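Note that the chains take the letters A, B and C in the order they are written out, and that residue 1 is the start of every chain.
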């Protein structure tokens, strides 16, 4: 018994000692990486001016997705494509390590630890929980982190200010202009009496947006009913409740849970004649009446541009402003229009004054 | 994959293993001793994390730990109460409480699903500052984790030999005998579950603070991981007294994390990890059984080569 | 001393499976009585013991033990004054814990956070020595390693370590081999005599039922149909018992085990 205790204590002391060495190694390696990046900078510039064939500098980028959904996946594929383009333009190589934590925070911390063991030059975190874990993990190593699709980076403490993040994190935000969506609801149905609010309390993206929606509706004196769900089954039940309540339209912010459930609820809603307005075009892709918000493809491209800026041009995340997007595009699902008996052209005319663009889309499982 | 790469990973695995070892020890008490399958572990773990985070954020880093422990005790009390006084079956009681805690935890976090503790003072950040510049600087998480596990181990080792501890062990073994000894098994169940859930909440509190953020999913799957670790530990140290078995549980927790780490190093995609861990548990449990069967197997093979009267076939 | 007044119990009332297990039963047990209880299977013997010990609450009637009304008292509180042994040697002890630990729990000395003291350990050792089974050298071994007879002996010790007012023995030697059964019975008699306990013992052996103790009751269909003691009992034989049974209940006693006098 005593022997075992001694053995274990010795083992732990050994690991402690080794980890102290390990820490030192990581620091030297990060210093080396900085040196490499500096060399890469000069080399990249040389390549541009001389067009000589130098060995392409390789940068390792670790991308971690939060969960599989059409919007987030769209971001990832656009990041990868854009980085591919930049590779050709600037004659560099991006080695991308991709993983998906499927909403499991234990796995998430191990994925990030793995990235760090691989000495990635930069990490990309899709969605708020991933960004937050990366923030904590890179506190000492200061590895640059570019987050994507974080609705409220300031509110959750990822950055000190939107213009000057102040640390090693910056990124793109899919902040939703709730009032704009509410305007669309009322444009389509000025006499609407009951609005449903469908979201997941567990999604941080939804909290502010729903609060704003309630403010707007209170201002107009319109009744609203809330139902929430934390998984597909609960969302389905929530929708049944809405149908029984007799709401005429439902608003959902850019909520990942509802997004995952959309394919299973859109038919019920269409049958009941309830229009589903949501905060991302991926909802419309999966059967919602309207998706209004950020163009996630563009968001992916801009994220990749930020990554390149930091790695190739030595931009400092602390002073790179967080990029938000003008939510201007309304995407309307023509299949649903047909089902409910609305003419797309009329709908388009109604919405045009409120958006920069009105696009049409048909129900499918994912973007091409 | 060279060694210097592995060391920081091993350290992370050890840290994570030690934090979750607290939950494994909690299940050692509630599952192995009390024979109750407490499915409220996930919710209680998250509650420890949220309560600890809220208290730390409001400026009391040290108070966050007793606060989390108290929250865990309350959780255990409610589950035990449902089981013993309301006639709810133990599995169901755990599930009911677990479900309820989802809502309560979000409420505790101020109706949000996550809290960022990046700028908050916690026992970790405080220790880190104190150790700045010394050779132990990178090990502050390990130190706190190891300390917590050691304290819980010593407590369990002492407690399970007291009269109350014996009564709790007997309740899981033979509740009738407990009644014959004039002890109320409802009382022992309540005490046992309170203590076990206190450890679980402590586990959640420390893990969240070490990761500087808490989100509503932080506890999901914890009970499965802890049970698997407990089983692995039981295979590694099959015989022995209370203390030895408890240490085995801690080792099991570390091995579980190690498996994840190694799998990830082999570039296994993250979603395969759960399959890997299931396979490990199966191997861990069936190996001793199969080893015992080996002599019998050998004899069967030998018999096949020889006829019923002993002549060679 | 135990006074049972008009207790009744029906299981699964109002359903197809309703069974009147105890039917308006009354019994008085005086201090020092050693009563053997016999009856066919299903007569209600074990159920009577369960009623006294508190496994369930009776539908009606009163049970008074040593001037305390225990009719509604929970089982673990009754256990302070009532000791029980069962036919199944596994039921009385915790198999996964050592002899020492089982005895500590039964002894109930010290506060919740007390640990077993050296003095206590010595006390247990002496008690185990008296059993004469060599158990005093195996105190740190788990109960699960003991044979049936040894476990029953330890259970008996545990039940009487704090002398109860009443001992309920439910065929506690039935599952043991003859040698062990004899031994355990011998120890039972010694303990009962020494502590002057009141004792109720269920047995299927009609012969020993008449020989052990000072009083014999026979149960059938939830009622006590025969209660003999003193001279009447001393002069009774097994055949007499069977005859009396036939007279009272109007049916021959069909139970093979009882007739053959086999345990």
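Simple rule for what comes next: a residue touches a chain if its C-beta (ideal position, glycine included) is under 8 Å from a C-beta of that chain, and two chains touch if they have at least 3 such contacts.
Model, not experiment: these values are computed from the prediction.
Farthest from chain C in terms of Cα centroid separation is A. Central chain by Cα centroid: B, whose mean Cα position is closest to the mean of all protein Cα atoms. Put simply, the C-alpha centre of chain B and that of chain C have 43 angstrom between them.
Inter-chain centre distance (chain A to chain B, centres taken as mean C-alpha positions): 32 Å. For this pair, chain A with chain C, the centres built from the Cα atoms lie 71 Å apart. Residues of chain C touching chain B in their complex: 74-77, 79-80, 83-84, 90-97, 101-102, 104-106, 108, 110-116, 158-159.
Per the touch definition, chain B reaches chain A in the complex via residues 4-12, 14, 16, 102-103, 106, 111-114, 116, 118-119, 135-139, 142-143, 146, 211-213, 215-218, 220-221, 225, 241, 243-244, 247, 257, 260-261, 264-265, 269-271, 273. Considering their complex, residues 1, 4-5, 8, 12, 15-16, 18-23, 25-26, 99-107, 109-111, 113-114, 116-118, 128-129, 132-133, 135-136, 139, 156-158, 200-204, 207, 230 of chain A touch chain B.
Within the complex formed with chain C, the chain B residues making contact are 161-164, 166-167, 169-170, 173-174, 176-185.
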